[in-house]
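The letters A, B, C and D name the chains in turn, as written, and every chain counts its residues from 1.
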Amino acid sequence: MAVGRSSRSQPNEEASTALGLLLLIVIAFAVFSWTATGFASPYNLYTLTRTAGLNVLLGLAMMVVIATGGLDLSVGATGVASAMFAGYLMQDFRFQMVIAIVAALCFGGALGFCNGFVVVFARVHSFIVTLASMSIIFGAMIVLTKAESVRDLPASFLALGKIRWFGYLSPMLIVSVAIGALIAIMLRWTDLGREILASGASSRAATLSGVRVGSRIITVHALSGMLAAAAGVMLSIRNGAMVPSMAGNLGQEWLLPAFLAPVLGGTLLSGGRAWVLTTVLAALLVTELTSGMLLMAIGEFWVQFALGSVLLLAVLLEKGRSTLMGTGEGI
Amino acid sequence: MAKSILRQEWLGLAVIAVLGFVVMATLRPSFLTPFNLFVLMSTFALATLIALGQMVTLAVGQLNLSLGSVGGLVAVSFAGLMDVWHWSAAPSLMAGLALGALAGALNGILIAQFELSAFIVTLATLAMFKGLNLALTKAQPFYHIDRIVSAFGNASIGGPIPAVLIPTVMATAVVAFIFYRLPIGRQILAVGGNSSASELSGISNKRAVITAHVMSGALAGLAGMVAVARLQLGQPTIGEDWLISSFAAPVIGGVALTGGHVSIVGTLLAVVIVALITQGLVLFAVDPFYVQLVLGGLILVAVGLNSLRSLLPIGYSSL
Amino acid sequence: MTLALELQGIVKSFPGVIALNGVSLAVERGSIHALIGENGAGKSTLIKIITGVHRANEGTIKVDDRIVHFVNPRAASREGIGVVHQERNLIPRFSIAENIVLDRIAAKTFAPINYREINRLGEQWLRRLELDLDVRRPVSSLTAAQAQMVEIARALSLQSKVLVLDEPTASLTSHEAEALFRVLRQLRDQGVAILLVSHKLEEIESLCDCVTVLRDGRNATSSGPLAGYDRAALVRAMVGRDFALEQAARIGFTSTASNSVPALELDGVSTSLGHRDISLSVARGEIVGLYGLVGAGRTELAKSIIGLHPIVSGELRVHGRAVRIGDVNSAVHRYSLGYVSEDRKAEGVILMHSVLANAGITIWARLRGALRLLSDSRILSNVDPLLRRLDVKAASRHAAVRNLSGGNQQKVSIAKWLAAGVEILIIDEPSVGIDIRTKAYLHQLIMNLADQGTAILLISSDLPEMVALADRILLMKDFRLVSEIANDKDYTKISADIMSRIQAVAFD
Amino acid sequence: MRNSRLFSTIAGALFAGIVTSTAVLADPSTRIGIVAPGPHPYFTQWDAAGQQAAKDFNIGVVDYRVPAKWELAAHNALLESMASQNYNAFLIFPGDPVATRPTVADLVGMGAPVISLAGCLQDPSDAAFCFATDNTVAAYDAAKLLIKEMGGKGKIVHFAGFLTDPNTKVRIDAIARAVAETNGAVTVVDNITDLDVPEAAQDKINAFLATQGNNIDGIITTAWIPSVVAATALRKIGDKRIKMIGLDNDDLLMAAIKDGYVSGTVVENAFAQAYVGSFAVDKLRTGCKLRDDAPWKNANRSAKLMDSGTVYVTAANLDTYHDIQKDKAKGLLASFKSAYLKCP
């Protein structure tokens, strides 16, 4: 009995992708250090790690849904709405900061839960459901807040944004990486994560093995909502205010970073494979590229074009890789 | 049976549209003033092009997130050609259409040739086209468009009928002709309806997919240029908020998200309904942000109804 | 010669399995030719080679005495091979006429379509099939039989010289099947060569002129007139006279006090899928076979039992207790009920995941510790003995199941139920696409399971397998149970009995 | 093995980068960054004014930069990147009056003085002061001018920009105040907001004019896109009965003033802001201080506002208003030197 072609066990693939990304990060770092004035300055590293913290969360928020073969367009709307919710609790109801943040996470989780619920019970693809909910959530948020920022926040909350370690490190990245570690543990070392991946790889096989695929889909949407909420809170901490437009109209500005990290990190869009480490590294790389390009003379007007190209390049590479390996895994 | 359901499907929309019209006209007599009708039809003209642009990709079972981004890029290029290089309107229009089609072709080729997900490809090109737009314009509008274009954007062709309705009517006719009369249109629908069956019957699925995206790009480009004519300037922000409405109208109009079926009349009626709602909110001084809420809700209701309908057994396709 | 289609020495192998090993086939013009064989005999692979879906590793294909090479399905249809697959290949929203002439639409790009012409053509072909339908109706509104007719019309419209029909009557009523046969005879008389794949010997006898029997990827008979065979001879050719001897016969199941309460019992069960009044019982340690033709509703019954589809009336009892199983999760974890799917690649295993992940999926919930934590080593310690016992051959426990052979995939698919320690196991077509040795091994495994007290409901279309394993055999037809046979392991007798019963009820 | 090599590479690159960047940081001359929050024709004057200031006041570098999109995150990212590039003095239009504060705090913390330009940060902030047109005054003046054009009576509609922009609310209030002074002769029919997206503005403004155009006598627009759209709509209707006053300097608006469809526009002195601002921030960086007794105004959410004034542009002074702005800039410069600044 031939044992197929090469045995491609998942950890190896993840490690090689991670190594590749790490190499790119280092190369980019070296290149930008030489070419872009101030790239390696402590302040730039500080802001870079701060932005990376946000991008890591966004990537993870999308990754967990992609793991089941779905997607969540409403991350931006959910993130901003949840942050606004926390802001109102602190500003108008004088909630303790920690309680407000926890409440915001729950709020985001609840919004995600609704997404997942509709996806499962209306049996409609998550694309169209989250497209609609992105419009509904953002619309409702604007109507309720009259599009006004939350500006009167407790000092303890504002102080969080000023923490800076060793001069060049933002704790936001550490928090995000810690959350990433939790999700990695969840995906690899709990039955919940394993069931999520099984649901994404083959919902029929998973169902027939006794996995409640529907509730796993709801789980990841809720988790995605929570992570989006965490991203919203993190950005609010950085801004010192909750601004309704901080993720752009309908939260659309978060979509590109949210998809860039998992796709670059080798998460399969068809589901069943999701790597936290590479998603985190990919988010770092994207942040690094953005920052470097801003610093180089290329100019801020080309950043978006470049990020789009990177996304395209990533899917083309993944396609080429899976064709070469003959695995036929769809992107 | 299916046919009667189909008919009911857009009969319902027609009833809603007419009712909405009547309600508005009775509650606000000013609704029927020629200028208001002119404005309503201008809105309709642009929104229809956007909706059709998304509908053609839905027809082949895919989607185009870059629709607005293509529209914006074509809009500024169209205006830029006239402003910077002093081209006249006609060649600029041609160049704009070609650029839109080219952008669509890029999407289509990446998707069909490399077998990539339409979602991720058009998300990437959304960013790329928008980036090009910003890099070209430095985010500043082009003001000096050809007088013909600005006159066209404001002109009426008899009574309250705006001239910008002409490209929309023509585009709709062409799209309808392609989908109902031309082999390539039928091939697009066949691929959307059952791609393995279409492949077996000798249809080139790749060509159908690419064609659908080319059409989508051209329609987006045309929409962008109509927007320039209406705004009287080449705004780089054109297209930024097309995403939701581009899906809303076809979905409400009964276009199958899985592909293989388009309803042009349904889509047009859905555009009318959405336009009436937007107008109604302004007329009744309701917070304009409710538009977002209502649009999202309508999409959900429409897909909910569709999935309900698909539960009803009709013939073998439900097996 | 008047051979419309001739295949010689066709060899086709897939990784780990040789599906066809030197198969020949000759189909004469103006004849209806039956291609028969048990499941896994290689019929569908052969059909796929004839229709250009697969390419043979060796051998020649001749159409009208000309050697041809089919690089894709399109090439086959250009050579006059028309095919009607088991699943429908129609564009749902298109009209009947348009579906019939779809190939013409595919050939052009911009020349406007003349619907009057298309409707005329469509009507012409429909009329040839004596079908009175409005050709402007969308095919989504047709019944399965009508849709199949449309596909036949489409195949004919391509001037097909050879018409291949794969299990055409599987989803037809007997009345509809008769109508189809009239059409096929008529086409034969017009000179069309028809290759018919079917399980139903009755319909083959009444319809076909010639026959080729396949067994285990080889010709059991070469192509020849059907007149030379009676039904028993066909059955012999299909199942192989001495094949049953290879099987280790199982010591019969005996009812004792410890298994007097059935582990699984259905009492007058009807399902939302159309099963009516199904009553059956499986005791601990018993293997109950469920036999039937394609489309009889066996798999659907299995899926209804495990909670995938609702049971609308009647009672389902597990260990004597009436239960309602809402989903597979509770079937597995509450009622200790497992299901080995017939569709291994889509439902049995998760191809992209590791052996470990596949074999352990049913016990994750049980093994998890605090905070739902669950380590690989913990799963491994539970499933590794099983994987060893099943002799699963894989590069490592972390290798993706995709890279395993069919037999090893099937072992993994069964391993998860062993790991779960289910008391009731429904096994659906366990040996499809699996080589003989692994098959024998699986049979031994199933028997051992039963001996250890597992109640097994075995679904199989493989008659020798059924006879070798089952203690009792239930016959299913059109979503109803029609007969029960006590299995005394006398293969010749039992197989003839089953065949005659199932064929007897085929057209009632 | 492999990993340790990677880490040493990272460490090496880090070290090299830090060394080079600190070397550049030692540059003693003033490098001013003028940063707008997003593309807007209003800011085009800043570039030229900055260059003028660099020449007139002998400042090392004055660069005008703008993010590709009107978006807070992009604005912050641009500011951060400029801080890393050794810009050591900033004139910033805040992307958000509160959410830009932490970034400004960072910049000031690194020793770069910041003046908030054309729009103010909400107090308390680390900006030295706010140099902007007093929104209340500008909107009030515009409303007064409109009321005068309308002959002291009639109905007004106000088309405004994003509600998210706190200035929008301030302007609504200022217009209400001007209207209130007419004792009911003039009323505000509606304040329609969030018109900064072209399509939305097009739909809403046209719909409003279509249905209620006969009902109103005056239009005041306080944002860029609604100004353009409303001016275009009036041209389309061809009706010069409705008086309109803008609060912007878009080309199409200017053309409409020239052709008589729009009465005039109250233009902020963008030239003066960047020109005088550059001078001020350079002085603040090189040791000068602000006087404790400077005549700050308390407006625009800031207690330290220096009003940069406005110019009322009509068909009569359309071609010369840039000169008027420059003249006024000289006046502002003089008063800043005398009343606001003290140098050692």
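Keep in mind that, in the parts below, a residue touches a chain if its C-beta (ideal position, glycine included) is under 8 Å from a C-beta of that chain, and two chains touch if they have at least 3 such contacts.
Just so it is clear, the model here is predicted, and its values are computed rather than measured.
Q: Common contacts of chain B and chain D?
A: Per touch definition, common to chain B and chain D: A.
Q: So which has more C-beta pairs touching, A-D or B-C?
A: Higher C-beta contact count between the two pairs: A-D.
Q: Taking mean CA positions as centres, which chain lies farthest from chain D?
A: C
Q: With chain centres defined as C-alpha means, what is the inter-centre distance between chain A and chain C in Å?
A: So the centre of chain A lies 44 Å away from the centre of chain C.
Q: How big is the gap, in whole Å, between where the Cα atoms of chain A centre and where those of chain D centre?
A: 34
Q: Quick one: chain A and chain B, Cα centre-to-centre, how many Å?
A: 30
Q: Can you list every residue of chain D that touches 2 or more other chains, as numbers and ranges?
A: 66, 68-69, 194, 197
Q: Give me the residues of chain B that touch two or more other chains.
A: Correct list: 131, 134, 138-139, 240-241, 289.
Q: Can you tell me, using the touch rule above, whether these chains form a line, ring, star, complete graph or other shape?
A: other
Q: What is the complete set of touching chain pairs?
A: Chain-chain contacts present: A-B, A-C, A-D, B-C, B-D.
Q: Flag every residue of chain D that touches chain B in the complex, lowest number first.
A: Touching chain B: residues 38-39, 41, 44, 66, 68-69, 190, 192-194, 197-200, 202-204, 206-214, 225, 228-229, 232, 235-237, 251-252 of chain D.
Q: Help me check something: in the complex, which residues belonging to chain D touch chain A?
A: 2, 6, 9-10, 13-14, 16-18, 20-22, 24-25, 65-69, 71-74, 76-78, 80-81, 83-86, 96-102, 105-106, 110, 122, 162-164, 166, 194, 197
Q: Would you mind writing out the residues of chain C in touch with chain B in their complex?
A: 73-74, 77, 88-94, 98, 102-103, 105-113, 137-144, 147, 154
Q: In the complex formed with chain B, which residues of chain A make contact?
A: 71, 118, 122-125, 127-129, 131-140, 142-143, 147, 249-250, 252, 255-256, 259, 263, 269, 299, 301-309, 311-312, 315-316, 319, 330-331
Q: Contact residues on chain A for chain D in the complex?
A: 19, 22-23, 26, 29-30, 33-34, 37-44, 47, 51, 146-149, 151, 158, 161-162, 235, 238-241, 243-249, 253, 290-291, 294-295, 300-301, 303-304
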